[in-house]
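Everything below concerns the one structure shown next.
Order as written gives the chain letters A, B, C and D; numbering starts at 1 within each chain.
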Amino acid sequence: KNLEEIFEAKIARDEKIEPKDWMPEKYRKTHIRQISQHAHSEIVGMLPEGNWITRAPSLRRKVALLAKVQDEAGHGLYLYSACETLGISREELYEQLHSGKAKYSSIFNYPTLTWADIGAIGWLVDGAAIINQVPLCNTSFGPYARAMVRVCKEESFHQRQGYEIMMTLCNGTQEQKDMAQDALNRWWWPSLMMFGPTDEESTHTAQSMKWKLKRKTNDELRQQFIDQTVPQADILGLKIPDDNLKYNNDTGHYDFGEIDWSEFWQVVKGHGKCNKERLNARKNAWENGKWVREAAMAYADKQHQRKTKQTG
Amino acid sequence: MTKQNLIHYIYGIADNALILGQRLSELCGHGPTLETDIALTNIALDLLGQTRSYYQYISNLTTDGSTEDDVAFLRKERQYRNVLLVEQPNTDFAYIIVRQYFYDVFHYMLLQELQLSKDVNLTAIADKSIKEVGYHQQFSGDWVKRLGDGTSESHDKTQQAVNDLWVFTEELFHLSNEDKIVVDSGHGINPKSFKDQYFNKISTLLEDATIKVPESKYFQKGGKDGIHSEHMGYILAEMQYMQRTYPDMKW
Amino acid sequence: MTKQNLIHYIYGIADNALILGQRLSELCGHGPTLETDIALTNIALDLLGQTRSYYQYISNLTTDGSTEDDVAFLRKERQYRNVLLVEQPNTDFAYIIVRQYFYDVFHYMLLQELQLSKDVNLTAIADKSIKEVGYHQQFSGDWVKRLGDGTSESHDKTQQAVNDLWVFTEELFHLSNEDKIVVDSGHGINPKSFKDQYFNKISTLLEDATIKVPESKYFQKGGKDGIHSEHMGYILAEMQYMQRTYPDMKW
Amino acid sequence: KNLEEIFEAKIARDEKIEPKDWMPEKYRKTHIRQISQHAHSEIVGMLPEGNWITRAPSLRRKVALLAKVQDEAGHGLYLYSACETLGISREELYEQLHSGKAKYSSIFNYPTLTWADIGAIGWLVDGAAIINQVPLCNTSFGPYARAMVRVCKEESFHQRQGYEIMMTLCNGTQEQKDMAQDALNRWWWPSLMMFGPTDEESTHTAQSMKWKLKRKTNDELRQQFIDQTVPQADILGLKIPDDNLKYNNDTGHYDFGEIDWSEFWQVVKGHGKCNKERLNARKNAWENGKWVREAAMAYADKQHQRKTKQTG
């Protein structure tokens, strides 16, 4: 009981909880769930963008995209490491991903169909991610908070890069502009869904608020995203695909149309356009890599034995 | 030596970096571990960065206003001068690593010599690149050892990859007649000067990795003369797709 | 109904034949036996022949002088109207056969109805094609039975293919708003009229083949609106390569 | 002894030997070797052309190429069937191909690099094949002779089709004409090698002559091919890549330069550009198809048992 009070007090004082500190089992479990889900999202998120690396339209864009996807691998790495401090191995985490037990962000179950999708993902998906993630830089669990500081810095670079791709397209030929509009049409609603179900439908929120895993509700964050993004679309000269979108002078926010929650749940439940492909790609990478990981371990063992023999 | 000779010569170096960078790009997100995924992507990034430097130089040498992207994406298959080695497919991680190692060791020795070129643009690129390539050969060499001297499965896969890719090593040292002009002018370098050193080095490491050095006396060549394997057409169809489908646009 | 509506509608039929023909073409020379290799090539030939008839008709309908090849090779991905089913990859022979069977049964019923179209060009194509497609569904149906009721390995692979491809069946019956105009005019046909018959027929055969009919209530669509899977870009990069790389030439 | 005399007399009278007829073991073995080598060549020969089906530049050409490659599969089928009448199974024949024991025509170990290669193969490779094969329509072994009648008819159609592709290219843009010339440059010498080593180096010829497996020597056939092909190249406006090529008024034939026999032997011994790929493609098709063939047999057995149960 005393431990729990110390723990609660620490959080209340905005001090970080560190892996060696005592923590309630539920805190540990919730953090494993959230951090791993976040790590998995980075890793699965490499795939839709990775789909365009070999077809990027210029060398400059190819290099930038490759570097961006690599950053996502890096984020996955920090986040898995943060998660491992909670006493779970990377293998177990992967196992949960591959078996479907652990989730990842549903946005990555949509296909990337044109080059403009690479712009739209940077602009919208990374934009939404940042809004979700910035508050986590101050979350209570130290390793997660520190990982998020690095992640957020890079994400905002990615977002600018995505927006710049969109800008180039919108300053280009009519065909390029159409491509940009089409990408916005397809990514807009899924991006809004990235903030999760409406507050009425959302679970865990109170607890997460206390642990600073969450500071605003889903609907608040979604509204923030819309308010931030609409003017950016105006600058691009693109039309957001929502006939009900309208600035509300009374609230100072944009009103917007109804989200198709049946689509949201369909994708979350594993029936989106690319759920199967994404998971298969990850599973194949892992299974095909098994012999490589085993070789590395066997070699390290042999080297170790050789050394101990020499010195012993 | 004409400007055309020089451009031709530079393609013989730069196209290797482009096509190997492209091959490695295919792997991004599919590696056996996150760490190797990141490392191979780093190599791809270095190679594509070097490609850009060479192509920008070519773009400056041409008088028709070709950009680095025209040079990268708008040539026909027969105009690419990369060796056959770098276009070989990502069959498995052993192929990827062995292909990389066979290329990296050559690449490092090539850049060492290229640092002595009369051409200040080439020496500048070589100076800038050699440290990166030093890391590449360290990485791929370490992995050849891990895989060769790891498990019996990894040993066999590595031996298979070495057997299959060995036939492409000799071509690294091939000089076309046009190349010779550039070499003789002091702008290009003659890779034959380090051929023995190359085969000594890779043979030593392979033996260290418990891999048998192949004894085949038959080698494949053609890439440097634009006669590629059947893989190349598919690499280009994918790589050139945007530039071909949407000509004359800015991205 | 405008000419544009009609063209749009015809793409919805013809692009299936093109893309499935393309997918089957990839297999030529790689079949499990010579006999199946030849049979699948025959199906590809029939489908590509039908594609040409439809595209020639479209080419006649257009006023911009587009040829059948412009129509086949120079559209952008978002302009192709094939269903997602036909662009699915040749994962293994079970996928190839199940994909084919799911398509063939639909295709046959579609042509039966299309024979009653007000559009004489479409009825002529339907008349000419229906016998071919009758053979296709016989071939693929027989193989579904062989594989489903063959060995336990072939049964499992077939069940897997059915499970994975089932989600693409519903889209066959999707009508866009533009399609509806063509249907209402009596030129197009409404596939919903034989939807129950379709699912009855394939379910009966699957059961006969000892394959469990999936119960998923989730289906995928998008192809008919030009929203394809990520496979499509690679199909097109390869298929369009020559036309894109060497524009405005005769072959 | 009597049997052998009857057999020899039959051949001398230009009558056909049929599978049920007595034949010397050497005749059987030689025919299995040659017919299977021919069948394998058809099957492996599907691969270099198959490489361009998905990339053919027009629908008409795609259909024609697909049909052509299918014809080759058909030729393989007749020839394997002819070979099977000599008491060897298709599985054994494949086994010989896959193990490298049986050979196939070396020409198929060269890569097809451009669309013009499809034209050049039809024109040159099928052209050379016809010259090799026409005499076989009158060979002594009945099933082989009859198969060759069908094969030759189709081959000459293929050759005209290939020549027409070349003609279209040569009437096209400079780029297309260059493409045609480049293909001729690469396929010319390998085509000459299709007639086998020079007569001095060639084995089996006397025996083969007697059995009508051969009616002219390698060098005679090669000369016939050159004499026939040079004027065709002239019509196309292409230059044959041989500086020593020159019409000889005395002999009435074209003189030509030295063939690079070291290349010939390198490819025959398995070290051509595509030997490994071609053999791997065939082995993979066969191995990946194993479960399919087993399923078909299992199903046929079940059907048979069901029928016998019903009737029994």
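Operating definition for what follows: a contact is a pair of C-beta atoms (placed from the backbone, for glycine too) under 8 Å apart; a residue touches a chain by one contact, two chains touch by 3 or more.
Here is each chain with its UniProt name: B, C = Phenylacetate-CoA oxygenase subunit PaaC.
This structure is a prediction, so every number in the text was calculated from the model and none was measured.
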item	value
Between chain D and chain A, distance of the C-alpha-averaged centres to the nearest whole Å	57
Intercentroid distance (Cα basis), chain B paired with chain A, Å	34
Distance from the mean Cα position of chain C to that of chain B, given in whole angstrom	41
Junction residues of chain D, two or more chains touched	55
Interface hub residues of chain C, defined as touching at least two other chains	233, 237-238, 241
Topology of the chain contact graph, where touching chains are joined (line, ring, star, complete, other)	other
Touching pairs - complete list by chain label	A-B, A-C, B-C, B-D, C-D
Chain D residues within the chain B interface of the complex	48, 51, 55, 111-114, 182, 186, 266, 269, 271, 273-274, 276-277
Chain B contact footprint on chain C (complex, rising order)	76, 233-234, 236-238, 240-241, 244-245
Residues of chain A touching chain B in the complex	43, 46-47, 50, 53-63, 66-67, 69-70, 73-74, 76-77, 80, 115, 165, 168-169, 171-173, 175-176, 281, 284-286, 288-299, 302
Partner chain A, residues of chain C touching it in the complex	77-78, 164, 167, 216, 218, 220, 222, 227-230, 232-233, 237
Sites on chain C touched by chain D in the complex	22, 25-26, 28-38, 41-42, 44-45, 48-49, 51-52, 55, 68-69, 72-73, 92-93, 145-147, 149-151, 153-154, 157, 238-239, 241-243, 246, 249-251
